[in-house]
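You will see subunit A twice below: alongside subunit B first, and alongside subunit C after that.
Coming up: the complex of A and B.
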């Protein structure tokens, strides 16, 4: 820890102190944490990681906090599920699901980034924490703020799923619903962040916050026995998660935890909001903002701030990108649930749908070790599947009714 | 008059003001007018070729100018313009 040297502008290289700032005042480029990697190399080892806490904090050496107090002590170390049934269905020998539907405490990968953001916000002396969110982030910020005893403001679009709205209110933050989409929320919050001295986790704390996503790469490699997968399939909203997974893999090599990175990074979006995938398919290195229209609301960012870097990371890794229709999103959610017993939110449906396409198009091969990132829980987006899952079979409370409905014979029964 | 909201990183150029007023017929015009009143602002918004920098977003009455006519988007009396930095943060490694 205490391995941060500075914040550095990704575009022009100007350096800044490690405070709550996110934009280069010279060129508006994003600021990135600069670490003392020589110090980290000396300090980190596989053994040290494995002896560490069962959470993202086993990788504290590679996270932008000073420590030793970590808020969100249970985030991360979610299961890497060997998906034999889904693999067999798709024709893949070695498929894994990185299952962040069970992250602590709010059931999405955002618990990773918020644990890092709130820890850093505390270190910087803030007493109020805020965010602009498509839902999962707000839930996580609200929960962590409650546990940390901090004041909290969450800003969400006006059309969120009921469970994601409730999943804020229960922690009693100030929930501000904006009449508009996420891009409107984001713009407003960028302006609010300039006016108030709050820690906006995905605005002025963003250089630290975004680093938390690297832990998805770290854990995957460790759980695979210290090797990188051949393919990663990653959902994209702002594109930050994808670029941070790519960065995390390379950091592990750089500090000596692994010898090589052989992963091709693949990005997944829903057709109704696919500015990054569309640019990739057109061979462009820039994207055109869109007005989102998809059931995958957690990915509905029409003006993805990290889109440019996501395109670059995917190209560098020789990976690919694709998009799926809302219908394919629902099919993807059902397929994952019915083969692996994992109920993902709509973003997970996007990942599984695109995984399926990449296999079909020959981009992912049968023998490739593949990890699909499922980043949020289906119980939060029930509206998306409620008309696609049928109804319970309703019968009178009698044995005869049951036997008749399920056509039970002497050798057992069948489905109704 | 057109009201222009100035983001924090540019406020040293506007003597700390978060909002300034100007007269301009288009976004391009506005950038020139701002630069006359607050020298240096154009360099911060535009790159060497005069294009808007990658991480600069400009909104006219809450609409991203990329959905309008970009720099050519026309302005009229009473319009409100916001200049907002994109909040990217991800980046492939620079080690």
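Coming up: the complex of A and C.
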């Protein structure tokens, strides 16, 4: 394998060795992985991919790892669901849901990026892995570290909900609650990453970690029969997921797996934290930081690291962006559950809400092949919908009571 | 000598103020701007602060008191 050529600054282009570094020493721009696409092109093929493992690792040639040992062996290859019912409701002929609510092992797309990060961290000789997180990332890092037998530190804000803390503690990492607000946690973690020789997945391992998101693009194309969709609707937190899906689609073309990329990339945020979508709608190529206030907590990043690049990718693809209210987020979760049987977390509600808007505004047309990315499981954010799903119908324990309540006749029944 | 890399963002009404110059005078830190984009309605800089740790800390508090948003160079890392 070893098709990585270097880490390269996204701003000034200066190259660095493929170590645990993430910031250009010249201009302080972010680093990303550069590959030898000619070399990959010689070895990769559709058949080789399809003969590979049923996980993200079938695309190991395009991931920043040396192999042959891959940690997180079950991440990826989640279903691409043909959403006929939701499509009919929205007026779309060909709608798909890329369903990462069932990603393994922790039921969010973070399992993809963490599998890549922890594999690379091990290759670089680290024995301790860490992250700063309020939810999905912490769960995934803690689970992967447990399975890999690595020491793990998870840093969380002191006011995190009990259920989310439990989701980390069960894997027995060192969970560190930091007294202070989000900015305090943010800054301390940056300092700790600089001081200790640990693999901090979303800091010094970030160039590798972020590449794992490309597998959502790779799998989508393969599952569509080796073609790109007309539209992708992608939730945005840091904006990294969107930029990497865009990068992944183009890499498939560079290495000869597909002939063209025809996808328009569309970004989705919640109104209470929409620095990127707001900038897009205002026609700006820069965003202004915000203080998040939304139920879509997994997307609540007020000063997103890849916001600028997400705006750039969307503009390049001639795509769009939009945002939805918290009420629309809940409606989106319910709509997806009630049409397709998929229970998404709040970020999924954001995606479905924005998908609806893009259709309504004529940006996505009836005949467009559209893929909506649903990135986390609804069981993780049940509190968001607890007041919006009604109550069970309560009856006395008798057949008569049941039939009376449901107005049953001999030929079947109705709703209560 | 300790040094810290930060990303700072100016609110619109602070763009014309010589904030970096002021910080260099008010605190015993060396400011080294590596990348910046300053326009009529927005402005940000990636810079390095070098000096005694406590003095760097005071300078960051000072920047915030002037209404400047100060983040680590990686921006928001809590996901």
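Everything below uses one rule, namely that the second predicted complex is superposed on the first by the 402 of 416 C-alpha atoms of A that agree within 3 Å, B and C clash if a C-alpha of one lies under 4 Å from a C-alpha of the other, contacts with A are read in each partner's own complex, and residues count from 1 in each chain.
Simple rule for what comes next: a residue touches a chain if its C-beta (ideal position, glycine included) is under 8 Å from a C-beta of that chain, and two chains touch if they have at least 3 such contacts.
Keep in mind the model is a prediction, meaning the values are calculated, not measured.
In the superposition on chain A, A:65 contacts neither subunit B nor subunit C.
When the shared chain is aligned, subunit B and subunit C each come close enough to touch A:28.
When the two structures are aligned on the shared chain, A:185 is found in touch with subunit C, with no touch to subunit B. Once the two complexes are laid over each other on the shared chain, residue contacts for A:157 go to subunit C alone; subunit B is not touched. Once the two complexes are overlaid on the shared chain, A:247 sits against subunit B while remaining clear of subunit C. In the superposition on chain A, contact is made by A:289 with both subunit B and subunit C.
In the superposition on chain A, A:202 contacts both subunit B and subunit C. In the superposed model, more residues of subunit A are touched by B than by the other of subunit B and subunit C.
Once chain A of one complex is fitted onto chain A of the other, the partner contacts of A:37 are limited to subunit B, with no touch recorded for subunit C. When the two structures are aligned on the shared chain, A:301 is found in touch with subunit C, with no touch to subunit B.
Across the two superposed structures, the residue set of subunit A contacted by subunit B and also by subunit C is 11, 22-23, 26-30, 183, 186-187, 190-191, 202-203, 206, 238, 286, 288-289, 303, 305. The touching residues of subunit C, counted against subunit A in their complex, run 5, 7, 9, 34-35, 37, 42, 44, 46, 48, 69, 71-79.
Contacts from subunit A toward subunit B in the complex involve residues 8, 10-11, 22-32, 34, 37, 183-184, 186-187, 190-191, 194-195, 202-203, 206-207, 209-210, 213, 238-244, 246-247, 250-251, 254, 286, 288-289, 291, 303, 305-306, 308-310, 312-313, 316.
Here subunit A touches subunit C in the complex through residues 11, 22-23, 26-30, 110, 131-134, 136-137, 155, 157, 182-183, 185-187, 189-191, 193, 202-203, 206, 237-238, 286, 288-289, 298, 301-305, going by the rule given at the top. Residues 5, 7-10, 12, 18, 44-45, 53-57, 59, 62, 64, 66-67, 82, 84-95 of subunit B touch subunit A in their complex.
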